[in-house]
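For reference, chains read A, B and C in written order, and residue numbers begin at 1 within each chain.
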Amino acid sequence: MTDASEPSLGALIESIVLVAHDPVPTELLAQLLERPIDEVDACCDELAEAYRSEGRGFELVHVAGGVRFQTVADHAPWVERFLLYDQRARLSGAALETLAIIAYKQPISRAQVAAIRGVDPDGVLRTLQARGYVAELGRDDGPGQAILFGTTPTFLERLGLRSLDDLPPIAEFIPGPEVVEALEDGLRITPSIDVDAPPA
Amino acid sequence: MAVDVATPVYEGPFDLLLQLILAEQVDIYEINLVTIVDAYLVEIERMQQLDLDVATGFVLIAATLVELKARRLLPDQGDVDLDEELALWEERDLLLARLLEAKTFKDVAGVFATLADDADLSFPRQVGPDERFDGIAPDLLEGTSVTRLRNAAIRALTPPAVPVVDLHHVTPITVTVADAVAELVDELPRAGRISFRRLTDALVDRIEVIVRFLAVLELFKQGAVELDQTERFGDIAITWIADDEFDRSAVLVDTYEG
Amino acid sequence: MTDASEPSLGALIESIVLVAHDPVPTELLAQLLERPIDEVDACCDELAEAYRSEGRGFELVHVAGGVRFQTVADHAPWVERFLLYDQRARLSGAALETLAIIAYKQPISRAQVAAIRGVDPDGVLRTLQARGYVAELGRDDGPGQAILFGTTPTFLERLGLRSLDDLPPIAEFIPGPEVVEALEDGLRITPSIDVDAPPA
């Protein structure tokens, strides 16, 4: 498959990704291996496909802006048995909701998160920062100079996303007419006997 | 009928309102407003240190709720001030928009949970280079800030949370008599003899207590328990009398609807 | 190559070895995967041969009593270029956490570190010692006379600290186990409506 004097691009990519702690951007691979990025991208896809078709126990995936090796999902029970513990604590509902707001609205201040969630997110934000899912991006120009938060590459890794562009469009989540109707009904101004239509 | 707010866990007034209106299908007229306003007050107190604008917005929303409810309870007076009426509509729409936004991100959180669970099944390789490359990077701490070290310590030293089943995004499960029977068949043999009051004192919802009572009657009918009530309206003692061979699946329960 | 419902032995070995920080003894693999050790050994040889013949950038080698993935020797120049270039070449998350535990809790034994991290820190400890960040401080007075570890002057120097007293305090961030759950769950409010709790 490969000439001894000239290693194949795929084999070189394999070597580099194997020793990396974090996902390796394909731009970096292209630069280090002095090949066009398109070629590197295509080669990564070929490798991933080869591992899949050969039924390997590992896969090459794009995540958090780079490529990395990871175990195939089906093997989770055996890998967990080997690692003996669950490295990744599950995220609580509060943490997930806060992450959801920050992911779509970043950069965003604590007060803005509070206004959307209806609760002060201080404790959750600190947990998310300590876990490395959220980081301070800077400060607001406004008078209060509030700290602005955003998500990190660790967040993308945690969710297995390639980039923030991979997030489903927020429009998909806007509640449907039945929810709007239920809420409108729940917050009716007039008694139920009245059939007043709400103003346009 | 006033709805008892007995949701065991909710997070702030938006969450509470969403749960009540969407999950329980009630309207503001039926809601026990005191609980909601209390939830607002708790958050307002917290938020005052955070941002006065946010806190003010909350006061406004709480006031809107009270106004909405008052309007529902009072008969139509006929002579409504048009300005006031419009202001109320405006406030109501604002509250509606807030709730819709909160609901949107709640749904996103559900998708995030699925993504995270899927991602959990694959373990990344984070081994790094082997010792043959030790000479390449003599200082692995280069670029590591003290803050990064501190955060690593916090991560490592924070005791793991007790895993909890997070039902945050799940609509409350309706308690069925069949479920209660299954619970009792598991619980009662271990307890031996137990009073009905003790059996139900952890339950919050009256409906749950009633369902348990029906389940106990069901087991009595099947001959699995003996009931003993020493005085009228007194506590009922329940004694498990079935043997180990008791066939759980044999307890077929009619589904009580409504 | 492999049935979807029953992963092949080779693929399972690949998964486990991929995430292992230290060479994995084939005895351990045999035990975890509930297969005879001969079969595991033979399978490892097959995998190694397959990677060789396919010209992969990694190889499966027997080293220090176990098997591990490593880059093929020919690729060393490229791997080195990556390691030199990669600004993120640094301690892995696991190593950093172990170092942090030792920094804040020294003197501390291996068993104590293991108890905190939930995994055997052997491999990581060796790396930290080899790098000169951690050293043996002495032995515990207790019955086991466990070796106690602590950080070195090199560690302080690299982090730009004058002394261990300069480490930022963490006590305020480490909650007791009882509040961790509450913290994780955010600031949930439990309604205080049990006005007529039934008597015990």
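Please note the rule applied: contacts are C-beta pairs under 8 Å (C-beta built on N, C-alpha and C of every residue); 3 or more make two chains touch, one makes a residue touch a chain.
Note that the structure is a prediction, hence the values are computed from the model and not measured.
Each chain gets a centre from its C-alpha atoms; the one nearest the centre of all protein C-alpha atoms is A. Chain pairs A-B and B-C differ in how many C-beta pairs they share in contact, with the greater number at A-B. For the pair chain A and chain C, the distance between C-alpha centroids works out to 23 Å. Taking the mean of the C-alpha atoms as each chain's centre, chain A and chain B sit 26 Å apart.
Centroid to centroid, with C-alpha atoms defining each point, chain B and chain C lie 36 Å apart. In chain B, the residues touching two or more other chains are 11-12, 46, 123-130, 133, 154-155, 158, 160-161, 164. Chain contacts: chain C has residues 15, 18-20, 69-71, 79, 83, 89-90, 92-93, 173, 184-188 touching two or more partner chains. Considering their complex, residues 1-2, 4, 7-8, 10-16, 18-20, 24, 32-33, 53-58, 69-72, 74-75, 78-79, 81-83, 85-86, 88-90, 92-93, 118-119, 173, 183-188 of chain C touch chain A. Within the complex, the chain C residues that touch chain B are 15, 18-21, 68-71, 76, 79-80, 83-84, 87, 89-101, 103-105, 116-117, 130-131, 133, 155, 158-161, 166-168, 170, 173-177, 180-181, 184-194, 197-200. Those residues of chain B lying in contact with chain C across their complex are 4-12, 16, 35, 38-39, 42, 46, 123-134, 136-150, 152-162, 164, 197-198, 200-201, 204.
Considering their complex, residues 11-15, 17, 20-22, 25-29, 43, 46-47, 50-51, 53-54, 57-58, 68, 71-72, 76, 88-89, 92, 95-96, 98-113, 115-130, 133, 151, 154-155, 158, 160-161, 163-164, 166, 168-169 of chain B touch chain A.
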